[in-house]
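In the two complexes that follow, chain A is the common piece, with chain B as its partner first and chain C second.
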Partner chain A sequence: MAVMQQGIQPSIVDEIARAQAASRRDFLLKFSLTWVVIIAGIALAIWSTGNADPAFTVKWGPLILGGAGITVFICITSIIGATVLAVLGALGRLSLNPFINGAASLYVSLVRGTPLIVQIYFIFFALPQMGIVLDPIIAGIFALAFNYGAYMTEVFRAGIQAVPRGQREAAQALGMPERLIMRRIVLPQATRIVVPAIGNDFVSMIKDSSLVSVVSLQELLWRANSVGRSNQQLIQALLIAALVYWALTIIFSFFQARLEKRLAKGDR
Partner chain B sequence: MPSRRIAVIIGTFALILAACGGGGGSSGEDMLARVKRDGVLRVATDSNYAPQSFLKEDGTSEGFDIDVANEVAKRLGVKAEFQYPQWSVIEGGKWADRFDISVGSMTVTEPRKEIFDFSQTYYYTPAQMSVIADSGITSLDGLAGKVICTGEATSYWQWLQGTLKLGDGGAQTPVPNGATATTFATDQDCAQSAQSGRRDFEGFLTSSTTLKAAIDAGAPLAAVGDPVYFEPLAIAIDKASPPHAELNAAIDKAIAEMHADGTLSGLAKKWFDGVDLSVKQ
Partner chain C sequence: MELGEVVVEARGIEKYFGSNHVLRGVDLDVRQHETVMLIGRSGSGKTTMLRCLNFLEEPSVGTVRIGDISATADPLHARSRKHREELRNLRLQAGMVFQDFNLFPHMTVLENCIEAPTRVKGVPKAEAIATAEKYLTKVKLIEKRDEHPARLSGGQKQRVAIARALCMEPKVLMFDEPTSALDPELVGEVLTVMTELAHEGSTMIVVSHEMQFCREAADRVVFMEGGVVVEQGPPDQVLTHPQEEATKHFLRRFLTPDQSAVITAMAEG
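Then we have the complex of A and B:
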């Protein structure tokens, strides 16, 4: 009896495992098939307009791709600036000083409450009337950093508040001054908590950087638009730009996932 | 105290911003001295305005305006550096010293003379009306009550509004009765929109050179009627720029020399199919 049971159980377990693996593979196959069919359908639709000229991609592709470098540069610089603003803003929002708290809260409310494109126009076109003239690239970086800093302020504030109170109390019991507590105990842990949100914002910023094209900064979208319109190949040009944005977000999402795994090592 | 640290950081940030702003316009020196010292003449032009200025695959641009700007810079002993702001940004003035001159086929009009200091005319173009090829319209009167496309902030748009006052007082044909205007960021956008199949307008008004380039590129347009006016086109400097009397005089002199020694004629014939538009028709 026991021998028979021993004989049956492993094969049932095996069968179940095999069935699950098969259903997973089946799902993945159909999933990938759907992607391929839809993308092929779109490509076919574009090809059938009779307007698609492959020579355009060869001739103008490099110029459009060159814009990606500027896009990445703008995004990296802006996210650093935004992070700095976010930490300051979060500390300001948590401050007991009513003036600082008021200023930080106004910053968050005002900047989250106005469209990014309005802010870009303002910084580039309106500030000169007050005597502040910024280069297109500086204006673009500043606008993006300023805007995303407001959103990330709230994220950082939540991250700081999410650090267990016990951490702060233990540090106070050790006699640590407030500034040191924030710098050595709270902020590092808060940063780990907010990394997914920051990564998310960075990926979002890669796309929002396309708005800077309105101040004639020759980044990815500006080039695609300019070149596509003047050569009657706007579909192709914009597709190239869209694919590049997509590739950039995939790459950075990948790095973000690795960073999160790295930071979570202490949890295991 | 953390709040004081924050205040110091914010204060430094504000100071940096203010420093960025104070950058331009130091002493009372003329722009010409600065241009010669930097060895660079910053020129604003269009990136999508064939055959006057348009992009090449390597990101630089070519065209009649580009050649003229390069030649003027050469005669000043410097190099031309091009920027491509939107036309409405150039035409609106208040450049905030972002660039020195505009070589963008700007029509000299009375209102614009109050915002810009113009050089002497470097070429003239007929303002040519055109229609979508299959619309069946064969004369200017056929455009009565129809929609005509122009570039934003161009003299063509002003003509359609009835507010165009040419700088040399030239004659203008009356606007077709009840015709209304629609605009795109730049003239070629109208042609490219028609070429892509859109039918938001029946007529298109631009310079004859731009129209010809559009038709050659495949836009379904046909010229209709005689030119509605002839426009004098010149190089412009924003009056709100730093002191530039000497720069203006130097550019004017360069243009005069280019007329006299035939450079402008040669460039015009090269880009405008052998027609010498640098002299008045």
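Then we have the complex of A and C:
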């Protein structure tokens, strides 16, 4: 190596490094500039149509922002419920028992084949006709968990099937019974495989949770909508809501990336 | 070592994969302290035979006894609770070492070794750890006890797999091409451990073409071809003075030069 470095002129190596760094800086600068210009353009457009009202933001912003807490609470509760449903669903979809397999497959097909908004309406507006009245927050969580559980069932099923066959065989050869193999050997490995997908689902759930505003659950979008309407400032209210959703997804994507990195390291 | 009673007794093992008749009625007896090597070309049925012994592959027909536990092939009721429980008991009698190790990647070396003893046999944890440490010392990997498998070389992984199998204190150890997935320089450390085990009197069934191991450790060689046992006997007899045409053909044509060289050396004493 030393001989080679003597062979090339060190100044050239430095020059290349400097040029590459400059090129990276240049890219980042133009990239940022694009964002600033577009966002400023949107802000200007709103301003010029006389729709900007800082006083409104100061007065109602905190109330709308408070809805974010409810949104996050609904999402965390729902993703936990959905994960439980998904594990059960996946085991059902892989079951050799025709009744269990049939029930799990019907769940996935039915829920994935109907719009989330219809499911929300059904749980909150149709069930009361059958005498089942749910609190909006319970109804919202039910709907989201039920819906995402079906999608995640397929994710978990694929994850379980992605665990190499040899793992199961090694456990069988050790005399482990099937339930133990599933719990101790297959599911822990499947979970690692599906964590990135669950992270993605969580981020899309943050946005889909806005749909439960239709059951007058006072989360982010509901608050923005009602404050905006009553003050005839929908543009600004919805913009605030949109920005908060955006911020939430960025924050959780960041945590997701970190979690994935840690798991990758865990795979050693 | 003096051979003991018959520990593994397989009778009339047949196996079809679809319409492909892979095993055509194989009998195999293995006695305590005996090391038996199954050899034969790829597709001869030797690996399938090994996997049928602990029913990782359910035979189409046949009976296997290991120790005091017997199981009879019952492909029509393979999923029945009773049959599965019977097979689980049979498998508890046999330890298996796989070609690609199949260590549990989410567990440390020690956890790999104590998982089945504690959760299947109900051995108290402290005792299971002591046993695991004993066998990890034996395979010379005690210093890796808290590592995860991904941090180990192939040879180390396979030695952990051997320790994991030993921790269940099985009546017989079965090896399915234990060195085939290893880089050449890592084969020796695995064979050393296996040779030691054989010399200490472990009962072993080994599917492998490692002729050096065969020479040093095997009591008997079983040559399979076309799903039947063609010829068997002590290594120096079967390998250096084969009686059957198929055996001669195999030894001439299907071994690596290294493996052939070992046999030549054997022939020359």
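Keep this in mind: the second predicted complex is superposed on the first by the 257 of 268 C-alpha atoms of A that agree within 3 Å, B and C clash if a C-alpha of one lies under 4 Å from a C-alpha of the other, contacts with A are read in each partner's own complex, and residues count from 1 in each chain.
Rule of thumb we're sticking to: a contact is a pair of C-beta atoms (placed from the backbone, for glycine too) under 8 Å apart; a residue touches a chain by one contact, two chains touch by 3 or more.
Nothing here was measured: the structure is a model prediction, and the numbers come from that model.
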*Taking the superposition as given, does A:120 touch the first partner, chain B, the second, chain C, both, or neither?*
neither
_Touched partner set for A:131, first chain B, second chain C, both or neither_ = first
_Taking the superposition on A as described, I'd like to know which of chain B and chain C A:180 touches: first, second, both or neither._
second
*Taking the superposition as given, does A:59 touch the first partner, chain B, the second, chain C, both, or neither?*
first
*Of chain B and chain C, which one touches more residues of chain A?*
B
*asked:* For A:91 in the superposed arrangement: first (chain B), second (chain C), both or neither?
replied: first
*Is A:188 touching the first partner chain B, the second partner chain C, both, or neither of them?*
second
*asked:* According to the stated criteria, A:239 is in contact with first (chain B), second (chain C), both, or neither; which is it?
replied: neither
_For A:166 in the superposed arrangement: first (chain B), second (chain C), both or neither?_
second
*asked:* Quick check on the output: what are the common chain A residues between the chain B footprint and the chain C footprint?
replied: 178
*Footprint of chain A on chain C - complex, ascending*: 54, 56, 79, 84, 88-89, 91-92, 94-96, 98, 100, 102-106, 115-116, 119-121, 148, 150-151, 161, 164-165, 168
_So in the complex, the part of chain A that touches chain C is made up of which residues?_
96, 164, 166-167, 169-178, 180, 184-185, 188-189, 192, 267-268
*In their shared complex, at which residues does chain B touch chain A?*
2-3, 5-7, 9-10, 17-18, 20-24, 47-48, 50, 54-55, 57-59, 83-86, 89, 94, 96-98, 188-189, 192, 195-196, 217-218
*Touching residues (chain side chain A, partner chain B) in the complex*: 59-60, 62-63, 66, 88, 91-92, 95, 97, 100, 125, 127-135, 138, 178-179, 182, 216, 218, 223, 226-227, 229-230, 232, 234
